[in-house]
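Next up: the structures, one after another.
The two complexes that follow have chain A in common; it is paired with chain B in the first and with chain C in the second.
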Partner chain A sequence: MKTFRSVLIVSLILLAIGVVSAVSWFLRVQLYTTRAPFSAFIMLVVLLAAGYIFMMEARGGKLFPVRKIRAFDAIEEAVARSVEMGRPVHMTFGFGTISSAMAPQFIAGLGVLSHIARLCGKYGAKLITTLGVPEAIATAEEIVREGYYSAGRPELYDTTYNVRYLTDQQFAYASAVQATIFRENVGANIVVGPFYAESLIFMEAGNMVNAFQIAGTARETQIPFFVLVADYSFIGEEIFAAGALASGDKETLASIRGQDVGKFLAIVLIIMGILALLLPGLKGFTFVDILNWVWKVG
Partner chain B sequence: MSLVARRYTPQIIVTIIILLSIAFYYLYINRDVAGAFSTADKALSDWAVIITSFALIVGGIDILRFHLTKVRKEGLKQAPFSLVSIGLLVTMVIFALIGWYISYSNPAAGIAITTQPQFRWLYLNLYAPADAAVYSILVFYIASASYRAFRVRNPMALLLLVTALIVVFGNTTIGGVVWPGFLPLRDWIMTVPNTAAFRPITIGAGLGTVVLGLRLLTWRETSWMGRRE
Partner chain C sequence: MIGWDVIGAWLCAAMVVWIYSFVYRDNVFYKIAEHMFVGTAAGYSIALALDSLNRVLVSPAVRSPHTFWSASWHYVIPAILGVLMFTKYSKKYYWLARYAVAVNIAVGSGLALRTVPIANIVRQITATIVPLWGSDPVKTLNNWILVLITLGGLTYFIFTTFPKKAEGVKPSLTYLVYRGLYYIGIYGMMVGFGALFANTIMTRVGFLISVYLIYIQPQALASAIAAVLTAAAIILGILRKR
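And then the complex of A and B:
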């Protein structure tokens, strides 16, 4: 019944968009820009609606199981191991700025930092957060402070020690992070966020001091480095789920199910594309042409 | 700070910015509205750049605070390193200010902050070589990481090693001498299995971004503010 209601809600939203579009066409008003395909707007609305419906269902008491992300579970192990060894935990969340397309990964990195800060407060670990973007200084300080304070260990919080802004120049940042890992002899090296060429420098520095390494990014070109060198790695979308997992809130976790709807749609479109390639054409138009027209022009 | 300012104000700003960004990107209505959207969209980007620029000042102060605290705590052992860092930071700021003053007082001279002679000399002769040196370290790190990764410990590692060897031979001139088939095989690996593996990661990352946006819109994602609720 709930599934039927969800499908009905999404259908009604799409119908409303269709009606508005039809009325605007009738009134000769160009409602949507031509620089972005209308199908992309529809996909965005469907994904947002699906995610929201799952969140509402979770509020109603329905439980959505989320698969274990080993890298996320390993964070607690990394912090505990560092405490046992008497070494600090190092975290950095990359070189992407909040004003660029890397902002979502930056936010995901902050979510992981929040989780690490709480664990460091819980186990009494020293946390060193290194930054390569100045706009994150105040946020990182707040997150680390909150982590220690909420765990009842305010005496462990030292702004100068815990949060270190290094520079906004890429390889100067890489060099400084590397130096911090060596000099502080970190027990755990956790790097989650947007990373560029500096990613392997961080990983190898952590490897040289035998640190427990957890890494994650959604930048495809850096994922192979992290998978090869880190003990555990978040691959692609997993970094976005980390913030939801850290919250432990069932509504927030339910939103991840919205991604599954998107994946299902992507698989359907890929299969349709493959089938369209195999089908014969119609009066000079192949089915791929028709599918492309629907997708690009809408 | 009041609860409203600390908890709700950032979330309201984020919600408004997300909704405006969607509207600016997708809606047109008519030429005037589209023009207004474009101007407002650029203004949002400019604000982000301005905020980042102010954040750099905070960053400079943060670096000074860090080094002064280190010197105070660790004394002479740390002092030389921190003094070099502080000295270089202050030197660059002084020359940048001179450049800014010249550009303001005598625009005809054509000197700006980054083109001020001493600033430029320090950048090109101190910073740029050091930057390139750190970048070049990467080649040794790739070699050491590859050595550890390609050790054959199980069948999957063997597959990785064989694939890597084909790509390496396909990328080097000696590969073509040993067997001409390395080049087309490398191209096939890079364009077919490699692309097929990357595409789902890209799609997944895009979907993850949309759902993160949903959580920000519905105020369920609060970890970026340092608190859960």
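And then the complex of A and C:
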């Protein structure tokens, strides 16, 4: 019944898109850009629908297990080790503005921060969160406070110590984070979010104080630095899975299944496309042309 | 007569050396450079934000209110959201700041959704649809590597559906294909990361050289001193590590 309702809702959404498209065609309004392939729009709709259906199923009680991510499991080890050594835990999740295309990575970083804050509360560790995102100050403070309070250790929470906003300018932020890692002699350095050229600076600072390092980003150009220097690293999309795992929320975990549908779709389309190369083109119109087809309206 | 450009070049050279001195250990010169840098950057950001607010909202609203309210009234919405951010200082109304953050995150996610299906899905798929047979053996091999590593990478990042192998039971074909693609994916990515790493290091060294080229042009003496001090700091850092 619930699946039927989900399918009905998705059908209604698709119907609404169809109606809007028809109206825009009638009014000669350009609804879709003529530079983007229509297949991208179809895929977006399919992925959103898949994510929605799985989240509804999760709400109904279905569980979607996520495979083991070693870097995520190592976070607890890092926090516990810091407590044993009497050193604080450091976490940062990038700089810049949250209202950019990097928002999903910031959200993943905040999810991991939430997990770390809970663990710090559980083990009684000191947590230092350095920020380069001004819009996230209030959220970060709330997450860290919630972590300590939920673990029954409110006395460990100190806003000015636990959450430190530095600046949103890249290398000023990098130099201040580097100095914080070194001066506070952190026992664990956890770096998850969108990072740019500052990634290696953070890793080197952590290495100088022999910190347990866990790092992750979905920015391809910075992954090599993290893989090379950190003890454990999240590679690319693993940070989103980590964010979902950290939240412990069934619906968020179900959204990972939605992402997996996208990957299956990509695998199927690649294999179909390669096989289609064996077939003669339909008046020169190939499978790749279908994917690249642009719908011009108005 | 020493001009501002000379003082600027000296200050710039000194800051580079002071920042580099962190390689040796944390020291007062690094702290001066760091605090100047962070303070200047924070001040610069505030100035930019205030200037933007003035240009976009305050100035047009005060100078020509009629035009503003008829054409640009929607700028008031982000201004209200911005004000809501300050409620975090109130114990009673701190929750209102969440709305501003939520809108910010939603805008960011929306922007990501706009570009990801085209750049990260369709373009990647179409770029991977290549012939796996042909007369040119090098090109064919290249295509096989491209397709296998792409499929392997995609398989590696599948988190929720994965075949499992029971203890003492012969692994199924699905399991073998999955594990094969999984390892092709992870090793292929590692090779790619190695190439990216080397490429980035070359770019960074290029930046370093370009920094010194700047100093050489206005003040040869300043650049020479800066280079010597930097080299000394790096050597000391290496010796300390040993």
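Observations, loosely collected:
Everything that follows uses one rule, which is that the second predicted complex is superposed on the first by the 229 of 298 C-alpha atoms of A that agree within 3 Å, B and C clash if a C-alpha of one lies under 4 Å from a C-alpha of the other, contacts with A are read in each partner's own complex, and residues count from 1 in each chain.
Following the convention adopted for this analysis, a residue touches a chain if its C-beta (ideal position, glycine included) is under 8 Å from a C-beta of that chain, and two chains touch if they have at least 3 such contacts.
Keep in mind the model is a prediction, meaning the values are calculated, not measured.
By the touch criterion defined above, A:V23 lies against neither chain B nor chain C after alignment on the C-alpha atoms of chain A. When both complexes are overlaid on chain A, the residue A:M102 reaches chain C alone and has no touch with chain B.
Looking at the shared chain after the overlay, A:S39 reaches chain C, while chain B stays out of its contact range. After overlaying the two complexes on the shared chain, residue contacts for A:I274 are found with chain C alone; chain B is out of touch.
Legend: residue contacts after superposition of the two complexes on their common chain; A:R164 is shown touching chain B, with no touch to chain C. In the superposition on chain A, A:D249 contacts chain B only, with no contact to chain C. By the touch criterion defined above, A:L8 reaches neither chain B nor chain C.
Shared-chain residue A:N292: touches chain C; no touch with chain B.
Of the two partner chains placed by superposition, A:L63 touches none, neither chain B nor chain C.
According to the touch criterion, the shared surface of chain A, contacted by chain B in one complex and chain C in the other, consists of residues 36, 41, 44, 47, 97-99, 104, 107, 134-135, 137-139, 142, 166-169, 171-172, 175, 197, 220, 223, 225, 228, 235-238, 241, 256, 259, 262-263, 266. The touching residues of chain C, when paired with chain A in their complex, are 19, 22, 26, 30-31, 33-34, 37-38, 40-42, 44-45, 85, 88, 94, 97-98, 100-101, 103-105, 107-109, 111-113, 115-118, 121-122, 124-126, 128-132, 147, 150-151, 154-155, 157-162, 189-190, 193-194, 196-197, 200, 204. Across the interface of their complex, chain A is touched by residues 22, 25-30, 34, 45, 48-49, 51-52, 55-56, 58-59, 62-63, 65-66, 69, 127, 130-132, 134-135, 137-138, 141-142, 144-146, 148-149, 198, 201-205, 207-218, 220-228 of chain B. Only residues 29-34, 36, 41, 44, 47-48, 51-52, 55, 97-99, 104, 107-108, 110-111, 114-115, 117, 134-135, 137-139, 142-147, 150, 160, 164-172, 174-175, 197, 200-201, 203-204, 207, 218, 220, 223, 225, 228-229, 235-241, 243-244, 246-247, 249, 251-252, 255-256, 258-259, 262-263, 266 of chain A touch chain B when the two sit together in their complex. Residue ranges of chain A in contact with chain C, taken from their complex: 36-37, 39-41, 43-44, 47, 64-67, 69, 97-104, 106-107, 134-139, 141-142, 166-169, 171-173, 175-176, 178-179, 182-183, 197, 220-221, 223-225, 227-228, 235-238, 241, 253, 256-257, 259-260, 262-264, 266-267, 269-271, 273-274, 276-277, 287-288, 291-292.
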